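Quick heads-up: structures coming right below.
Next come two complexes built around chain A: one with chain B, the other with chain C.
Showing the complex of A and B:
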């Protein structure tokens, strides 16, 4: 009888622990989704984080409207998180586009602005140039602020339309490209994942090959293994500080994509070495013997027989690494920066989604936006995991019968 | 009887650390014959076999003294081990086809030697499979994984893989111990065909097998060769009492 009570008690604790773990997980993911899902839409994924103000030079060229008034009213490409229509739209022939007046309302600010609501296919707006002469296009939902030096501020929609129509020369329009999206962060994150894996995976695999296939077991190998284990336990801020001192300052790589990915690659190395080593150890000795007995060299044996057999294990390492890069914030904050832009070169800064979420939550206190970024992060991690799982199944030599 | 001697070992001693596994082995192995090594577990017959293509190099603590002459050349001296292993192939106890296609398994060795020509490789694969009596069974599935074959087929694939290297000697380390009787019979059949072209040295636990297929037999015990001679003589009229005890099943 006493034993049964004990058994049930232990069982109860097991179920309770599982229940708590599961509910915490569901609660966190649920919290992020509930808080953030309202902000996630197409604009959120395709726009830059910051607004961009610039002058556009546009030909003054009449283009007539190809749709009727009713259809024009349906074209409301406004960012419904912040904008609501108050007047318009009105079609203006000489820019081949329609403009509308909306209220813009964000946390602290609220004001009226003119936005482009519809653009004809061959409108001159699609073929504009910026102040350096570089070709660019003005899209819908861009805000227009002034034309040929005259501000739209304080004008009604009709007056603004008339002002545009009355221009006779080339048009110099001050436009604002709308922000509020995380496209640049998504792209930076993908760059960061790719680049750090490209650096860390070959290094890790070759290191693991040395440890399992070449090094004589003994104190030296044990020391390396111990070092790798210690490295994987060190908080990433330490790596961040090192990266900042070494890559950013000493090597003069600046706060950049390259500094960030090198730092993260160091963080990834221990994980990759350990899992690859485990994977290599599980390859049966009989394969190595069989290959050597056929007159293959050790290197041929390793690359043609042993390594392909270890692919599933290496894929696990890649999976773990992807999660690690996407989730990394402290080290990247110090080495890759918080600039929300698509890094143009290896030496440009850029913030990943996680850094952006940190920045938004900490500096702007915008929890909803941080949660929205969180949703994107979760989705990216899931997608990348599925992709690498599929790839490792495709490469798994034991799967093909 | 005047066959050429392929392997000649002189006072061969082998140590695993402090433990002496082979004691002063003197054996002459003739060309194009089947030579069988029999003896109880742990008697050193597999260890000796692995000396012949230097597979013991893989084990850290092994130390070898004495000479192994292969065509008159000492293989423990300064020789090209890779070259030795292409001339002395080996088939292992457990079938160990690589996890790749049947074709790739056989083309593996020649490719490692640098053979790239597709037509030559095709021809070599086909010939090897025919010699290993496996062609008819696998000719339609050359690009399927070798892991899908039965145990007996896998072992014949391993033999074909060895043949593809065009070796002079084939070492077989209990090649049928993991197989059923039918697969075993096929492999034995194959061996008697192969001995026309190759020198075959086989380690076996089955005395019947040694009796059926071998021309000469060596009886190993505790790291020594107790008796070596023509198989019929060993089995019907052994000179040593210990050999007689073993083959009549009194121990081992």
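Showing the complex of A and C:
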């Protein structure tokens, strides 16, 4: 009897612990989705993080409205960056768009702004040019601040609309492209993944080939394995320190995409070496012997027989690595920076999604936005997972044939 | 003859390329150690700051040339210890459930959950901590802020779960079936078998999981940075005190530091590095002797 009570008690504790583990996961993922989902939409994914002010040159061309007044009111943009709608919208023929007056919630200031609430399909705004003559389009949610040198500040909506209508020549409009999106971070993350894989995958695979196919077991192999193990135990902030001292300062690569991806490549190395080694070891020795007996050289055997058999294992390594790069933050904070922009060259900085999430949570205290970025990260991780699994399943089938 | 020679030469060259690639791991490790130590020991070698006041100081005020990290070491150690205390039992029991008690379906679900938990980037744990744990701690805390040792402990405890669970589960599953059957044959119940036979048999594997958990906890930066408070001075005196672990000290100030300040951030890295080495070696020893016996 006593034993049964004790056993059930122990069982209860085990169930409790498992329950805690499960609920922690559900709680975290749930928290991130519930908090962040309100901000995730098409604009969030396609806009830059920072707003951008520039002059746009627009043809003065009448386009009549194709929808009725009611529908126009429905199209008034309203997300939580706007405090309230004050006037409007009014449709202005010669720009083929409707404008509305709203109070615009900025971090520091709260003041009235003219925002473009609706644009006709063939509006001249969709075919504007910036000061360098580059083609660009002005979309809804863009704020307009002045036209041909006259400021809108202090004008009522009607006056502003009349001002726009009275222009006779080409329009030079000062516009503010809305920010708040993570497009640049998504692209930086992709660049970072690609670059670091391009660096780390060949190094890791070739290294693993040497360890399994060439090296005789002994001190040398053990040293390398020991080094790889030590590397995987080092916290990523130390990699960041090293990346900063070596790539950023000593090699003068600056805080940049390249410094970041080189640093991350070192972090990936042990994962790739280990998984590839394990994959290579599972290829039966008889395969190699058969190939050698047919007169193939060792190199031919490796590339035509051994490696193809190990592809699923290597694919797993790639999958793990991608997840690692997407999740990496401490090392990238020190080597790739926190600037939310698409890096134009290898030597320009850029923040990945995770670094941006940190920056937003820490520097701006904006948990919702951080969670919204978190949703993008989690979805990317899951999608990559599924894609790679499908790929490696296919390769498995291919191999069995 | 020429062709064969050339082929052989090519094979040799490629073999050496492979060798070089294999050496990159070793070279990287040496380079990391060298660069961190070189920069980190510089201020003490050139006598621009005293090692003693660096290691024993309890204030970090770069403005007035005070760089003491003792309170950070205490913070790091306490946070790690707390996380192990809470996280390890939960993790081991979860591993027991997966390996010994769950049917194949429940086991799969929980294993998947643990994998997902491992895949969540650490920043998001920090965001979760800042959004949920910190406000809760604030409710029960006598202090004016929720960022604290306690919040850090909770976040780290969650973060070490996947590491400890997956490694413990692997080592539990590796215990031979005969051990369990022997125990049952002696009249032991399932629970008795788990706690008296299977767990002790898997001890060294579980220990490895715990070490890796300690390594993860002490090296964690981004999640901790959001929930620990990062004070500029003071040894933590209660669970509600703010702490500033070694890792966050580096990450917070590396971006703008220069001169001695920057070098001393590298020194902080050296201390962290040494810590990780000590932990790894010490517990490796324990595991080895236990296995030896």
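Keep this in mind: the second predicted complex is superposed on the first by the 365 of 401 C-alpha atoms of A that agree within 3 Å, B and C clash if a C-alpha of one lies under 4 Å from a C-alpha of the other, contacts with A are read in each partner's own complex, and residues count from 1 in each chain.
The definition used in the following text is that a contact is a pair of C-beta atoms (placed from the backbone, for glycine too) under 8 Å apart; a residue touches a chain by one contact, two chains touch by 3 or more.
All figures in this text were calculated on a predicted structure; none of them were measured in a lab.
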Field: Touched partner set for A:201, first chain B, second chain C, both or neither
entry: neither
Query: Is A:119 contacted by the first partner chain B, the second partner chain C, both or neither?
result: neither
- request: Kindly classify A:286 by the partners it touches after superposition: chain B alone (first), chain C alone (second), both, or neither?
  value: first
Field: Partner chain in contact with A:325 - chain B first, chain C second, else both or neither
entry: neither
- prompt: After lining up the shared chain so the two structures overlap, which partner does A:297 touch, if you call chain B first and chain C second: first, second, both or neither?
  reply: both
Greater chain A contact set [chain C / chain B]: C
- request: Identify the partner contact of A:216: answer first if only chain B is touched, second if only chain C is, both if each is, neither if none is.
  value: first
Task: May I ask you to decide whether A:305 touches chain B, chain C, both, or neither, giving the answer as first, second, both or neither?
output: first
Statement: Both chain B and chain C touch chain A at residues 297
- request: Quick one: which bits of chain B touch chain A in the complex? Just the residue numbers, please.
  value: 53, 55, 58, 60, 82-83, 85-86, 89-90, 92, 94, 96-100, 108-109, 112-113, 144-145, 147-148, 158, 161-162, 165
Query: Which residues, counting only chain A, touch chain C once they are in their complex?
result: 3, 6-7, 10-11, 13-18, 20-22, 24-25, 27-29, 31-32, 35, 202-211, 213-215, 223-224, 227-228, 230-231, 233-242, 244-246, 250, 266, 269-270, 273, 297-299, 323, 326-330, 333-334, 338, 354-355, 357-358, 361-362, 367, 370-371, 374, 377-378, 381, 385
- line: Per the touch rule, the chain A residues reaching chain B in their complex are 216, 284, 286-297, 300, 304-305, 308-309, 397-398, 400-401
Field: Contact footprint of chain A on chain C as seen in their complex
entry: 7, 10-11, 14-15, 17-19, 21-26, 28-29, 31-32, 35-36, 38-39, 89-94, 96-98, 101, 110, 113-114, 116-117, 119-128, 130-132, 158, 161, 165, 189-192, 194-195, 212, 215, 218-222, 225-226, 247, 250-251, 254-255, 265-266, 269, 272-273, 276, 280
